[in-house]
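Heads up, the next two complexes both have subunit A, just with different partners, subunit B and then subunit C.
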Partner chain A sequence: MSNALAITNLTYRKNYQTILTDVNLTITPGKVVGLLGENGAGKTTLMRLIADLAKGYRGTIAVGDATAGVQRRIAVSFSEALQGFRPTTKLSAVRDFYARVYGDFSAKKYLDLITFLQLDDDLELAKLSKGTREKFIIALTLSREATLYLLDEPFSGIDSMSRKRIISSIIKWKRPEATMIISDHYVTEIAPLLDEVVVIKDRTICAHKSSDAIRQEFGIGVEAFYESLYEGAIQHDDL
Partner chain B sequence: MQFDDKVPIYYQIKNYLYHRIIAGQLAPGDKVPAVRQLAVDLTVNVNTVQRALSEMVTEQVLISKRGRGNFVTEDVTQIAALKHHLIVTYVQQFYHQVHGLELSDDEIVQELRTYIATQKGADK
Partner chain C sequence: MTTFRRTVRVLWRPKWRIANWMLLAYGLLVVGNLVQTGFSEGWFRINLMNITTGVGVGLGVIAFVWLAVRTEHDWVQDTYRLLPVTNTRFYLAGVVTTVGAYLYFVVVRLLVMGLSALVSGQQSAANLNHWLRVAWTGGVREFGTVGWLGVLAFVALLVSLLIVGAWTLITLVHLLTNALSTFLPAGRQRIFKGLLAIVVVGVLVWLGKWLVQLRDWVTAAWNDAAMVSILGMFVIGVVAMMAVNVYLLKFWVEARVR
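And then the complex of A and B:
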């Protein structure tokens, strides 16, 4: 069986600046992976590269067997910020757009998700609070029957009730064979959800470990592990 | 349920289920909630729940029936053994911690007796 994601020797420069360098990452199908790193570490860029929203990289990115950008777009469901839509657009219109563009968009799943997340899709985008907007983005992203889901900081700046609902919806609606990468710079609340963690630091991936292996080998939590990598208490050689 | 992030989650899920079985909340022959339902209830990953349940099936605390789910064993000696195992584990932890404080075995027993007595007094 091929990997859910295989990145080899990925380097990405933009405006003469190196954003990512020598990134190698392999993820097996069915995993929930936390992508951790400080703001500006390159988490979003990496996701955009995987989803074929950023171009001009060197190296290879394969999602399943798909290496070409067009194919990857079909296999990957990326939580987009909905910036292309006018503020007065109704949520139902955004849904119609998604259903037209993505062949794997499931109307039933969408309905289940907005019901569970308590969303009213007759509202306009501009009327949504930050938490509600984030819930809507999650509903759209999970409504696709993709093989790889990329959730870019779905929990930043939202209240704890919305966060709990989003976490539950991820557990409920992720198909066993589907793979999910969730980026965040704060990990405590989602730690029990993660099979593995990937840490980005200094423009590359500095650690990739199973969460329970971290707890077993180091006797520390995922958050403490992540912090100690950033503080240099755990060196790359220790891994 | 709150998890301790320093201890493997699958291990904590197993412990949680052991306690429910010993306390009789999950009786012999009872069906264990489905994997996804448990994952949602405990707010953990489905794979982690799966790992905990598979290990409990291997330990024969749970019996897996194809297509029907997991059931608590009806073998009560198995459950008694599980209970005994948990007791030994806790006593071991307690003993090693207290022993580290340079107490003799007699003193440890005495401290425990005193504690139990005061607890009983407090309950009245």
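And then the complex of A and C:
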């Protein structure tokens, strides 16, 4: 069985700056992976490279067996910002757009998700608060039966109560063999659902460990591990 | 993978809206002009055809620019760049919908003009006859072996190619700027874009001169060979630019970061 994601020797430069260098990452199917790093570390860029939104990189990116851009876009469900829609577009029109262009869009799953997230899809995009908009993006992203979900800071702006409710249930919205990568700053809150953690630091992946291994080897939780890496309490040699 | 038809459908809607807005503006201008003429010159002196053909001359240009802006936005929006469709299909769907929306705008306007000519009756027919005579005697006198139908077909094809070519060129400049700017330091973007603007203006001036020369050459001696070679040249030029655009979309042009 092939990996859900395999990145080999990935380097990405833009405007004379190296954003990511020598990134190697392999993720097996069915995992929920936390992509952690400080602001500007390259988490969003890595997701955009996987989703074929960022170009001009060196190295290879494979989602399942697919390395070509269009094949990756078929396999990946990325939490996009809905830039392409007018502010007066109704949520139901965005749903119709998704249903039309994505063969793996499940109308039933969408209905379940908007019911669960208490969204009214008769509303217009402009009428949504930041948090409600993020909830809607989560609903759209998870309504696809994708191989790989990329959730880029999906909980920003969502109130803490809803956030906890979504996080505790997020796993049920994906098929067991599907993989989910979540980048978020609410590390403590997402930690319980993470099977693995990937930390980006100094423009590359400095750690990739399972949550269990972190607890066993270091005797600390995911957030403490992540902070220790950044503060230098855990060195590269310790990994 | 999303089919070409579905890609066209999703790209079509916003452009269709633009065309409808422009038609609404045209309608308002016609009504406004009717009322104004009616009050100032009397309701019985109104010539509907003169009004429908006279007003909103600039609307075609505005529609062209608005559609171009929308098309360029589409190339760099996450929403569209994430579509599971090949870059060639995506690009062609973008071009087809832009051309389609513009054609829709033009055809509806022509229909309105045609209907108003029918309503206006003999007076309009006389006017049309007068203008055709002016064009015939003051402009092109000799069509050689081609005949006026051939010339009409040639002009229609050439204008269509020029319009599509202009959109293709706009996309080429946009995508090239986008792709090349990623190789420059962030601080030098403005200088680069300023230099590029100068180059683009230079190219456009040169292109304009070339088009005038081309017109003179064609109207000097209408013949099949000249017309076919010109159309062929334009087709090759447009297709080559399209191929470069697809290449840029595939390998270099990124969606805009939110």
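Here is the rule we use: the second predicted complex is superposed on the first by the 236 of 239 C-alpha atoms of A that agree within 3 Å, B and C clash if a C-alpha of one lies under 4 Å from a C-alpha of the other, contacts with A are read in each partner's own complex, and residues count from 1 in each chain.
As a convention for this text, contacts are C-beta pairs under 8 Å (C-beta built on N, C-alpha and C of every residue); 3 or more make two chains touch, one makes a residue touch a chain.
Owing to the predicted nature of the structure, the values given are computational and were not obtained by experimental measurement.
Student: Looking at the superposed three-chain arrangement on subunit A, would you call subunit B and subunit C a clash or a fit?
Tutor: In the arrangement built by aligning on subunit A, the partners subunit C and subunit B fit side by side.
Student: In the superposed arrangement, which partner chain does A:Leu111 touch: subunit B (first), subunit C (second), both, or neither?
Tutor: neither
Student: Now for A:Ala99: first (subunit B), second (subunit C), both, or neither, which partner does it touch?
Tutor: In the superposition, A:Ala99 contacts neither subunit B nor subunit C.
Student: In the superposed arrangement, does A:Arg86 touch subunit B (first), subunit C (second), both or neither?
Tutor: Once the two structures are laid over each other on A, A:Arg86 reaches subunit C alone.
Student: Of the two partner chains, subunit B (first) and subunit C (second), which one does A:Pro176 touch, if any: first, second, both, or neither?
Tutor: first
Student: Quick one: the Cα-centre angle at subunit A between subunit B and subunit C, nearest 10 degrees, please.
Tutor: Value: 160 degrees, nearest 10.
Student: Once the structures are superposed on A, label A:Gly56 by its partner contacts, choosing first (subunit B), second (subunit C), both or neither.
Tutor: second
Student: When the two structures are overlaid on chain A, which partner does A:Gly219 contact: first (subunit B), second (subunit C), both, or neither?
Tutor: Only subunit B; A:Gly219 stays clear of subunit C.
Student: Minimum Cα separation, subunit B versus subunit C, post-superposition (Å)?
Tutor: 28
Student: With touch defined as at the start, can you tell me which subunit C residues reach subunit A in the complex?
Tutor: 1-2, 6-7, 9-10, 14, 73-74, 77-87, 179, 181-186, 189, 250-258
Student: Please output the residues of subunit A touching subunit C within their complex, sorted ascending.
Tutor: So the residues of subunit A touching subunit C come out as 14-17, 44, 48, 51-56, 69-70, 73-74, 78, 80-86, 97, 100-103.
Student: Spell out the residues on subunit B that touch subunit A in their complex, using ranges where they run on.
Tutor: Touch list, subunit B to subunit A: 3-11, 36, 39-40, 42-48.
Student: Where on subunit A does subunit B make contact in their complex?
Tutor: Per the stated touch rule, the residues are 30-32, 164, 167-168, 171-172, 174, 176, 188, 191-195, 211-212, 215-216, 219-224.
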